[in-house]
Amino acid sequence: MDKILLEIKNVSKSFPGVKALDGVSVNLRAGTIHSLMGENGAGKSTLMKCLFGIYHEDSGEFFLEGKKVRFSNPKQALERGISMVHQELNQVHTRSVMENIWLGRFPLGITGVDHKKMYRDTKAIFDDLNISIDPKSIISTLSVSQRQMVEIAKAVSFSSKIIVFDEPTSSLSNVEVEHLFRIIYDLRDRGCAIVYISHRMNEILQISDEVTVLRDGKLVATTPATELTTDKIITQMVGRELSNVYPPKNNIPSKVILKVEELTALYQNLRDVSFELRSGEILGVAGLVGAGRTEMLETIFGLATRKSGKIIKNGRAIRNKNSRQAKRNGFAILTEERRTTGIFGVLNIRENTTIANIKNYLVKKIYLSNRKMSADTKWSIDKFRVKTHSQSAKINTLSGGNQQKVIIGRWVLTNPDIYLFDEPTRGIDVGAKYEIYQLMLDLAGDGKAIIMVSSELPELLGVCDRILVMSNGYLSGTVDAKNTSQEEIMLLAAKHV
Amino acid sequence: MKKILALILAVMMLATVVACAAPADITTDTPADTTTDTPVDPEPDVDPDPEPEPTPEPPVEAGELRADVFWYTFADTFLASVRNDMIELEAQFPNLNLVHHDSMDSQATQTEQIQTAVMQGTDLLIVNIVTTGAEDVAMNIVEIARNAGVPVLFFNREVSDAVIQSYDDSAFIGTWAPEAGEFQGQAIAEFLLEGNNIETFDVDGDGYVRYIMLRGEHGNMEAFYRTLYSVQVANRLLEGSGVQLVPSVANETSTLYDDDGISNYFLYANWSATEAFTLVNTALSAHSPEAGDIELVIANNDDAALGAIQALQEIGFNLGDGGPMIPVFGVDATDVAVIAINNGTMTGTVMQDGRGMALAVLELANNIANGEHLMANTGHHNIDAGVAKIRIPHTIVN
Amino acid sequence: MEKKAFLSGFIGRRWQEYTALDGRGKAMWWRDFFIRNAIYIIIIVLVIYVQHFSIVNNFANRFISFGSMIDIINRSSASLFLALGVGGIIVLTGTDLSAGRVMGLAACVAASLLQNPVDIFPAKMFPNLTAPPIILVMLFVMVIGGIFGLFNGYFVAKFKLHPFIVTLSTMIIVNGIVLWYVGLNGGSPIAGLMPEYGQFVRGTVTIAGTPVPFFVFYAIIATAIMWFIWNKTTLGKNMYAVGANAEAANVSGISVKMTTILIFMIGGILYGFSGFVEAARIGSNSATTGFMSELDAIAACVIGGVSFTGGVGKIRGIVTGVILLQIIAVALQWLGVSSDVRLIITGGIILAAVSLDMQKYLAKK
């Protein structure tokens, strides 16, 4: 089975400031399982989105069975036999299984939709794939794994030749994973080409025929799985150049200010995390997507519900039940999604700067002083070098980096001791990144403690003192930033997945 | 803090429930309520009626003729008084069990309510129809009644003769709609012909009394009749007196109605005191009563008339102190309007005999309860020739 | 020297910017100018036309006159309370459909408590009630309004329900309560109010030879208080933040729940007060008092630039919106435009105003 079903040739794609894909070529063979690997942001999903026509590649070509194809939306791809089982299942929850499968192409009889035929066809596919789900049951009553089966059946109903699985096992139990693999093998044996995207090394080695590793938008290698080991894959995945320049470190970690003991979240994937944080320290947090890094920050700050565990600040256990308590207890948070949880887009810089600290501008506890608010905003703009012509400019007219500086200013004004920074440099250009690093180092230099979550390992190595590595909700290790390597961190990050 | 909030809310919810329960007592007579309403009859199984039953199929239990009454809206002032009268008078008819429904000014709602009632096995439909202009709607209701074999009694808001004639077990009780307008016109004419009133109220002495017409809802036939006949009749009676009524420039000019020269001049107050107040207020800011631009206010109903009086009082008119005055006429003779007339702030109104109407409705319902025809024993009423329409007469109040 | 000061001033800077533009840029500037001010231009044209109309048809008064200005101010003052209440809720990306009904309930309750004694007004609703102090009744109906506001706010904040659904339910509930309450009076209008009550609301102060009713001053006071709340208190700042981005507000340590509840409550209190004023202003209160008036209030807010997308809106805008809406209504009545056509024009103007307002934001991108 060596027939090439899909040839991806020299595909490149740029976003402003980032080269997401750089001349990537991959061949998918019929009757094989081809795994796609890489760190967060390596270009896996961008490549798939180019294939399905969600993005348009800047250059490069796709050949389906030797013929050049270019899809402008996923529906066209589907009609040509290329389908995808998404990580977040896009299903109509309130409708039945069979309706979901045949959505948009219901079989029509004389009196409208022919439900009997729909049932028969669905049942036939399910029997064929050994899936035991009633085609008439409602999607929302099914488990995640069953819903995935439905998606697979849908792909089969289009007689897809190429099926892409995006992190299909992330929320399945072992038994369910086995069942899924049986179906995937079955599809392979029928001559389909399977693209399998996952972070789980052992799974990759178990089911793949070939493994392609991407790094920073570039193809590292395509290797037969038999020649690979976990260590080899990791070596291929990391090794990003330490190209950015970091400001000199001048902070000195001193006494322990925060102790987290066996922190576990109620609704989210965060289990038994314990660590210490020192004044003047920048503590990095590394891990793959879904490792529980953001969840940890949110649980500490009271944005996510804590199930058990202790947060001890300066020797005193604190509750941080909600963000107001956290703020009173001297915490500050910079969230990952700046647009959705950080800025107040339609409000101006002054309002965005003073909002977290608003009570301090009350005169005689009655009315707010515009003069005080302006003065603090001016201080923040000057101190953090926010580029704007006026305090009254709406914040959404600023660049991402400047918005980030305004939010940092917002929190600095509340005078906290502990800063929680979640991906503080995401979507920010290189110059502004440097300024943010400098700012963090200055804060640490003033004796503030900082926890910094980042998906960019070089950044963590360049700025932090120690790095916590998380894996599937657990803390899998703590490393000293000076004496570690990207390989070591990656290995820890893959420990529990 | 949270607990206090929760507590306040709980109390509020409770209060709401209690508040809602109270009108249910008034408007919906469930069988349980009936028994409590008539404590003289502790054993409902025993027929209290001493008369021998003349009909072959008597109601099995007394007080069990279920009649459903559909009100076009509970918010209407006059109809609310009719409803209160009906509930009060119902005590005199132990065989009747009336259930009241609010159609909330929606014909669709009303028709659905009627269908539901028929489904529940009602014995009589009593309908205060929402849509008065269209025969189809009433025909549709008659059709529902006919199919269910249930008599239907329309009241207050009129349906056409053809509708009543199409079904033997149907009737209408109401006023003769043009009569309210005619009586209002008569009241206006009589008022102007009294003493020196022509000289007093034709302010500019040009032989024209300029009026503002505060019209009720669009598409309502009663509003149309009142708008037209009040002026027509007044002018007929004023012939030879040297004055005639003409619309003031303060009215809007609608081109959408019949071009009879009268019914398309009005301000659209939609039966509402608030809207009448606002409209007259603005009219008075544009036009001057002193200059004779506005010399008379005619309203389709008393609420609107009272709104107009309030606006006039803002500029020092109609204070009832013998000062300047613009005559204001309404229809309905609500308690408040009668008091206003007695105080001298309002001039006249026309009484629709709401209690008489309520009584007539109950009498006809009682006929059904006794197994008789709907229109039995109605000799004492005014009935239209050739059609089962009972007319409750108006009276002038001034 | 003076000229230099002028040139360095605001207008001067604008003028310099304008003269620096090329032909195309100037055309763009004018286009922008018309879009920004379209609603005012429409109003000015309308006002001039009505003035012309009132001269040609020889009305007793001119449209541009003291009398009609007073009429417009009176009408605006009366509808301002509701708009001020709803405005804050719209800033929170919400809406309040119960406003008009709560106002109606407050009006009926206030009126029923402050009727003339039976010997003067025989149809008194509670014949045995000696009228309580007017101020007490005012506070009482404000509390009633506040409770319904609290009720709305609690359900919106606690259960994360859309305000449309919550206030729709409240509207229906309060409608029922109003019908029940008026039903206690046999369905008749609640009228015959004590002259002291009328005086309290409609009594006038003569300023420059013109009688100005008290409720105009109440409107001014309410506007000042609301301006203070919106701009000078933490609640106001929190309101804008929650409206602009509730999630970010939560992250910033603002209690979204408490802010929402308080804003709804303030709205309710204003509806209550509005009912108190309206009852005495109209004098005759029935189940239809205030019915649907929330829609006018919402329209006024929207015309005044309070955005349904949240976080945007000014008290100044609400006042402008209310006045503009009343100018349109009065102008169309002066023209004698038929009431159906009047509705079509009013709806059209609201839609145009909002579309053009949106253009301002779209153009900035």
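Letters A, B and C mark the chains as written, and numbering starts fresh at 1 in each.
As a convention for this text, a residue touches a chain if its C-beta (ideal position, glycine included) is under 8 Å from a C-beta of that chain, and two chains touch if they have at least 3 such contacts.
Worth saying up front: this structure is predicted, and the values here are computed from it rather than measured.
Among the chains, the centre nearest to the mean of all shown protein C-alpha atoms is found for C. Using the average of C-alpha coordinates as each chain's centre, A ends up farthest from subunit B.
Inter-chain spacing, taken between the CA centroids of subunit A and subunit C, is 46 Å.
Rounded to a whole number, the gap between the C-alpha centres of subunit B and subunit C is 33 angstrom.
Mean C-alpha positions place subunit A and subunit B at a centre distance of 68 Å. Chain contact summary for the complex, subunit C toward subunit B: residues 54, 57, 59-61, 63, 67-68, 70-71, 74-75, 121-123, 147, 150-151, 154, 173, 176-177, 179-180, 182-183, 186-189, 191-192, 202, 261, 278, 281-291, 329-330, 333-334, 336-340, 342. The residues of subunit C lying in touch with subunit A in their complex are 228, 231-234, 237-238, 240-241, 244-245, 247-255, 307, 309-312, 364.
Interface residues of subunit A, counted against subunit C in their complex, comprise 301, 303, 323-324, 326-328, 333, 335, 340-347, 351, 354-356, 358-359, 362, 367-368, 397, 410. Against subunit C, the residues of subunit B that register as touching in their complex are 5, 8-9, 12, 16, 19-20, 22-23, 26, 74-81, 83-84, 102, 218, 249-256, 267-268, 271-274, 277-279, 281-283, 285-288, 291, 293, 303, 306-307, 309-310, 313-314, 334-336, 339.
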